[in-house]
Amino acid sequence: MTTPPLANRLAAECFGTAVLAAVLIGSGIRATGLSADGGVQFLANVLASVLALGMLILLLGPVSGGHFNPLLSAAFWWSERRSGTGLTTRELGGYVLAQLTGAVAGAALANLMFGRPLLQLSGHHRAGGRLWLAEAVATGVLMLLVLGLVRTDRARYAPVAVSAWIAAACWGTSSGSFANPALTLGRALSDSYTGIAPGSVPAFVLAQTLGTAGALALLPLLLGAERGAVTEVAVRP
Amino acid sequence: MTTPPLANRLAAECFGTAVLAAVLIGSGIRATGLSADGGVQFLANVLASVLALGMLILLLGPVSGGHFNPLLSAAFWWSERRSGTGLTTRELGGYVLAQLTGAVAGAALANLMFGRPLLQLSGHHRAGGRLWLAEAVATGVLMLLVLGLVRTDRARYAPVAVSAWIAAACWGTSSGSFANPALTLGRALSDSYTGIAPGSVPAFVLAQTLGTAGALALLPLLLGAERGAVTEVAVRP
Amino acid sequence: MTTPPLANRLAAECFGTAVLAAVLIGSGIRATGLSADGGVQFLANVLASVLALGMLILLLGPVSGGHFNPLLSAAFWWSERRSGTGLTTRELGGYVLAQLTGAVAGAALANLMFGRPLLQLSGHHRAGGRLWLAEAVATGVLMLLVLGLVRTDRARYAPVAVSAWIAAACWGTSSGSFANPALTLGRALSDSYTGIAPGSVPAFVLAQTLGTAGALALLPLLLGAERGAVTEVAVRP
Amino acid sequence: MTTPPLANRLAAECFGTAVLAAVLIGSGIRATGLSADGGVQFLANVLASVLALGMLILLLGPVSGGHFNPLLSAAFWWSERRSGTGLTTRELGGYVLAQLTGAVAGAALANLMFGRPLLQLSGHHRAGGRLWLAEAVATGVLMLLVLGLVRTDRARYAPVAVSAWIAAACWGTSSGSFANPALTLGRALSDSYTGIAPGSVPAFVLAQTLGTAGALALLPLLLGAERGAVTEVAVRP
């Protein structure tokens, strides 16, 4: 496989993050408009978001890797910086910029589709130690999952496994499992169900970053020190 | 693989579109009869519809391609018109006719199964720029997905990926993500939950067509200029 | 692959049908006990039932075929009666007896687990032309799906495709999509959510049988006249 | 495939059980906080739990087998004790200890993330013959499923098949389908939706053990006496 040109890869990251942000934000608006039950609203919002995520990873994974998440791109850059097979620092910068741009565009698209101002600031404050712990846990397991699948040569399962984890984490943690700085930015730009006040963003992103660092530290213990050490799916030890 | 005879292919497109339309319309009637919560109604309607869609693409894909959507057939006809591997113009006409016939038959079947007049006109007006934008987005991403999977030799994932996107788009856009002129016609013929007033149909179909055109324009940027340029599933770039 | 001994196959059909009937009936009791919304009740009942069904087809398919449905066994017996590769008439009798026994045992198990009399008769009358039409449609498409997957050498997809269709049909038809004479019998033996009055059973089974006959007639038109005529998954025609 | 070092395997079992327990307990707290409908609460709790379970089996299966369940480890130890391919008695002890430690840690993490005391005792009494019967059935089928997939060389399906069964059993049985002594312990340490009073734990674990013994006895009848006797997925017998 030849790596596609950087322009295509950046277009794929930008487009994918935009569609993901639009569905995430839009489904929150639609769910709160349709249902009177908070559980049904969140079920619909989570379901729509992870189905879009899985589809986008499947479609665009062969082009750009299907990251749509600056911390995931950074984790690949970091973990493969010595082998020369990962992103260069310059490519990483391009990826992050494309993802942030896409998230803003996706928020604007959701606002447009639902008849709201193009960009607005969310007034939903989200802060506190237990939410930051939750963000670190949700992001950390996400990184372990993706890096672990790659390390065991099973990246083909990423579309369904990542979607499964994000859905589980949305319900199982107290923060709603943002787990992605680009989407956190996008959410700040729509004053709706999935929103987060701009002032709450930095601490969320810091918690996500700490979770990613923890995952990088844990990875060798859980999945072996190098790629290919563990390769086969088995239920028996 | 030898292409099956055109008669079988047209029968498959007609039958599949009929079953799909019947489940789409029928599940809307059943969901509004069973639940008092608008979110639960839409969850059930969407779930039933995309599960039927995925099953039908899987079962009939090897026969006719499993399009069940005139714009999808048209997009294949257009994108492969030079290579001679796609539908001829005459075959495209047959496909569209079979799909429209199937959608009408499916609407009639749903009406019959739920004790309604065989065919009736929906009084549900759906119009406005933000709905049309939503239709263009939902349809455009659908086309990018299907054409992109074919272009990267991964059409085997279409049953699950198409279902995932349609479910995500139903919740993430403001229009309900019809994304299919044949089903739009079928919905107009049952005055129930999933209905659309006949007068609202042309603008919806136009928006879907524009979304399809946009997808054909974007495809080379996102997934490479020719078939086989990108072929392997990978999470890393 | 050597066909397993008949005793194992009958044990598998009996066990699988029992587990399926117990989950179908039990989840109906649990759902109506937990939720006040009719849509949520049916979502939970359908979800639990089709997940059990898919798991059982996967687990026991290699042993007995994973039918759990007298009409499906009969359809295989009929469609392969000339090639000598299907069930013999004597084997068919064993299968049907094992399935009916399993369904009764499963109903008893569900009643026991939920503190009800071991066996009881349902008082839920279900009758009328539109329900019978719905049963014929749900059963017919089920048969087309299973026979079609086998005919195109893709039986490995049966666990997920059959589950998808049954879930879609439960919502998309007006009868609740029993689509299985053994489960129809089991449902008659618990006076709870999924029940059917004994007097309503014969017409339901007749409608299911007519739907099966229709599927056998339609199969050559949709999927080719002989096994292997259509074999590859493709989205393009 | 070389078996990974025992330290990695124990870390994987401990980590996986902790994440699973945290999502199971956390999603129960979140669901009861968000929804007023008992059915929606349980749908969300079950969905989150089985998605986390499937993801963890997929990710960590190649390392430790992905058991996260003392009875499953014990069943492998027992069924392969003569062939020398399974766990040794000492390894089994390590697995069980790691799983119990993980379950306690996961309960503590859930309590922390939702602002509760680090560890607390549940006051939710769960007892009675029909609940114990339900636990035996849910656990027994789980063991048949996992051992059966291994015996037919299809362990690769475990992530999705185990998740499907647990979700089905949660709804189809009257006990909520704990089916795992480690998670039963973890649930006792959070006084929330998924809790179980410490006094109810021993009988639950005994019922789970009896169900496991029953599965080991039934396995040869349903899936053949030795590994490899049944190997191919087929819908036809």
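First chain written, first letter: the chains are A, B, C and D, and each begins at residue 1.
Following the convention adopted for this analysis, a contact is a pair of C-beta atoms (placed from the backbone, for glycine too) under 8 Å apart; a residue touches a chain by one contact, two chains touch by 3 or more.
Given the structure is predicted, the values throughout are model-derived calculations rather than measurements.
**Q** What rotation angle superposes the Cα atoms of chain A onto chain D, in degrees to the nearest 5?
**A** 90
**Q** Same or different: at the chain B/chain C interface, is the fraction of residue numbers used by both copies above or below half?
**A** The interface of chain B with chain C is built from mostly unshared positions.
**Q** Taking each chain's centre as its mean C-alpha position, how far apart are chain B and chain C in Å?
**A** That gives a centre separation of 28 Å.
**Q** I'd like to verify one number: the distance from the centre of chain B to the centre of chain D, where each centre is the average of its C-alpha atoms, in whole angstrom.
**A** 40
**Q** Would you mind listing the residues of chain C that make contact with two or more other chains?
**A** Residue numbers touching two or more other chains: 37, 40-41, 43, 149.
**Q** Chain D touches which residues of chain A in the complex?
**A** 37-43, 130, 133-134, 137, 141, 144-145, 148-149, 152, 154, 157, 161, 164-165, 167-175, 218, 221-224, 229-237
**Q** Provide the residue numbers of chain B that touch chain C in the complex, in ascending order.
**A** 1, 3-4, 7-9, 11-12, 15, 19, 22-24, 26-27, 30-31, 34-37, 40-41, 43-45, 47-49, 51-52, 54-55, 57-67, 76, 80, 85-87, 91, 95, 109-110, 112-115, 146, 149-150, 155-156, 158
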